[in-house]
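Structures are listed in the sections that come next.
In what follows, subunit A forms one complex with subunit B and a second complex with subunit C.
The block that comes next holds the complex of A and B.
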């Protein structure tokens, strides 16, 4: 049942990638590429701008979708994703501090700092969850949103004091229009994260059934949780550092896939990864053609499309989604 | 053989297990009965490594369960707790296959599939194998979890109120299954039961707990007496012999 779904999503990603490569502000004509060969200006556009952008979209989409999936499985709540539990906000705070304290730091160092902050922020969230009595499934994302708000406020205050409000705008609102060759390569780390998540898919699924369930099967629940959260932190940080945050993606894609295929990660993970890539490509293509040759940032298009999808999910399968 | 040695556990100063000693020889079904709050579930949780004891230890053939490697213990001892609310959407087949995880670590072999198919068949879940757990009734779900524990194929099986949510047919079916597994395959089974008549009918031994202590341990004939049950449950209970079986009325 899952193999054809995986295949179809993969095809969709392929087709969308081709469309994504063919549209943009610069002139780009496949025919010219064919007639003028390797020297055409099209090659330059393709290699420097179009291809990096499409690859960045695919990697960021796939990455954010698995961070949502892993968080939902580990926290055992359908309504969490990196931007509703403080992960993304903590990463942004980390980036801001790097900009303030060590502006010359290379992008990899920046990402590592962001990842450390992301991990700490997510850890804080889990710590709060342990002490708060959770009477409703909605308490979990509410706690997360409050925490995100607090961390976000600290970031905004610091940025305000040091006149950096403009810059934090850049990494809190996802934008792929600035992606060029040499500026997105960090995102390849997503590929490693996906491979790692797939390798530990069974362990993550078992951990998602809870501490007692995992213990009975001889699994160290705590270490699986930690490893899963490290993946989430690194991917979130890599995405924040390179393209900024994209809302709803980590929420919508894993939920839709869960409804159709369930939560056995061995089966659902490939579809979640490809689905995330496909949704990001769709949103980016929309943002690029609506007011062509100008662009709407992907954060906005995803906000519109993602919230619509999310509302549909909420209204459709109330009992099941919760 | 499982040996429980002066096990203690308290929550906020209130002892829930207060020096429990018990030796379970290999093979046989042992029921744990007692009023609410007697410490039955806590005992099973400590034995199943889900809760750490404050003092005392549980050993399986001489090995301390709290310090032995988790994956090794999982191949020898399986535990099913009460309230199994599945938080992930798994199919019955997926769930039961996870019972093989301690043996397969995710790489399911032909032998694993045999165990899974057998467990699903034993619990009459064949038609439900591809259904998601959240689409099942409480009783069906309970049977799916029991199937998972059976697929784990351990020498020792601990079950906390496995008959919850089950109708008469399935309750009797599971008790008979446990009795047969103990008799034919030499499994050591410890099962918390609320229904003392079930315990008397299907178990080789009954352990009575009260206020965190183990107060009696013996074959059903010894435990099923008016005086003992009335005292433990603080309710008038009379035991009668009906069609050759001991039945408590309350």
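The block that comes next holds the complex of A and C.
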């Protein structure tokens, strides 16, 4: 049953959030909050740094998990997510171009450009996929990963030409240590995306059954597909612009959840959202503890954990997938 | 073949002489070491890829894509992490290299057995597992590099993690000997390689000890990959690019032609590419990026044309 699972995941997110609020480089003592009241420096740390960071973690985790789920349903492949279909890399390329051509652009404009690029990149991926003769299940992520590499090479090349190699490091490697009040608010857009995904859950599920089947059931396949991809592009762009890329998250979480709960999107959606938030919290907390008071960026910890889990998923389902 | 040889000579000559200002007695030795490094890497990668593709009998799987280069970097990082950078810095680079190659042979053997041990597995699964393994190795190496004290890491970085513009010249002599030895062995095996390309049943029917030869050839491939990674770092798609160019330009299955052909094409790509980028366009150090771009496109084209079937 999904209700107890949802409840447990929600509890986990709550506990992890409390831990995330309590650790960091600065000293932070919950007791001081009681004794000194609102004037304590702890309040400042909490409101300016810890709370925004924790919220950003939850929002980014939830958002990426949901983009993975939507992509997996629409592309009808278990192994796709923004970083394995070229969405993330395209968004990074978009950010780079904004930095090059219009450095003064406000962060919302930056995100919109990134989202446009992300959409175009995903479209290119789907186009290539259509021309591949043999549609093996594993061919899809393979094409996507290599396409990501090619787009990433373009980004690196441009960055190199214009001496921006160091700054692209900031958005190709996910890192929450830069999150402060006033720098993460863009991520609230994830909340809207989650709401929309929930409202569209049934239509997305039907669209995932294929063009002919969906049309037969009276669904405008094309528009649902487009809307789903737009949600994916906007969420990925928002995450790339604010914290950078977090690889494999969108792949791992929906797969593990569907192992436990099956494929009904309306039922698994809340668990996927909460699970994504929980996993990101765990990775970030680990990154903050291991070499305290320094930090390991979440892009690195998630790279290890995510690729290991991806391998496990690949080899576990070997008999059925291959 | 003659044309390829001539072209690679032209590329080398241009690399040595173009826009050379100042003292020739400085310029020539300086560029000669770089050229030697590039040629060694080109030969190692090309030969390793063609042999690997022969023993796995497909044209899209390469040691680079299978994460061998990333594995080498991981082993290197683990050594530094485990022994401490001060101790590693005190070891003779050649001894260190030998130890790393030995470890890599063990791990590559395990990886290979795990992947190819079962009867027939899906090629796509292998490719995907290889790519993800590469990501995993690179991520673990990245994580460990974060955990090493940053100051010590910086000291070691130049020496341990090479790139196209920072070719590790302490290893050039050793690398040249190793590559020459491996190539000499492979040269004697040319007929065997031709037979292996026919497939397991035919090879055994023709009297080749298939399992043993494949294992030995894989060992040699691993050594070549280790050499190229030690010199310039991991490059995923160079092998795929040059091997497929060789198949296209030299329509033969004979390794006596394919191996030198692929090596020459790799020399043209690397030396010519570096000359063009560095001297003509004055884009320093982006050769690796350009290779990844072109190699990725070749991969996509191969996939679209259905070469993996």
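By definition in this document, the second predicted complex is superposed on the first by the 316 of 322 C-alpha atoms of A that agree within 3 Å, B and C clash if a C-alpha of one lies under 4 Å from a C-alpha of the other, contacts with A are read in each partner's own complex, and residues count from 1 in each chain.
Basically, a residue touches a chain if its C-beta (ideal position, glycine included) is under 8 Å from a C-beta of that chain, and two chains touch if they have at least 3 such contacts.
These numbers come from a predicted model, not from an experiment.
Because the two structures share subunit A, they can be overlaid on it, and in that overlay subunit B and subunit C fit beside each other without clashing. Using the contact criterion defined above for the overlaid structures, shared-chain residue A:215 touches subunit B, although it does not reach subunit C. In the superposed model, A:182 makes contact with neither subunit B nor subunit C. Ranking subunit B and subunit C by residues of subunit A touched puts C first. By the document's definition of touching, neither partner reaches A:4: not subunit B, not subunit C.
Of the two partner chains placed around the shared chain by superposition, neither subunit B nor subunit C is touched by A:103.
In the superposition on chain A, A:139 contacts subunit C only, with no contact to subunit B.
Legend: residue contacts after superposition of the two complexes on their common chain; A:314 is shown touching subunit C, with no touch to subunit B. Smallest inter-chain Cα distance, subunit B versus subunit C, after superposition on the shared chain: 19 Å. On subunit A, the surface touched by subunit B in one complex and the surface touched by subunit C in the other have no residue in common. For subunit B in complex with subunit A, the residues that touch the partner chain are 45, 48-50, 69-75, 78-81, 86-91, 94, 98-99, 101-102, 105-106, 132, 134, 149, 152. Within the complex formed with subunit C, the subunit A residues making contact are 79, 128, 131-134, 136-139, 141-143, 145-147, 149-150, 152-154, 156-157, 160-161, 247, 290-291, 296-297, 300-301, 303-304, 307-308, 310-311, 314-315, 318, 321-322. If you check the complex, the residues on subunit C that touch subunit A are 121-122, 124-125, 127-129, 131-133, 135-136, 138-140, 142-143, 146-147, 236-237, 283, 285-286, 289-290, 292-293, 296-297, 299-300, 303-304, 306, 308-309.
The residues of subunit A lying in touch with subunit B in their complex are 73, 76, 201-203, 205-206, 208-212, 215-220, 258, 262-264, 266, 320.
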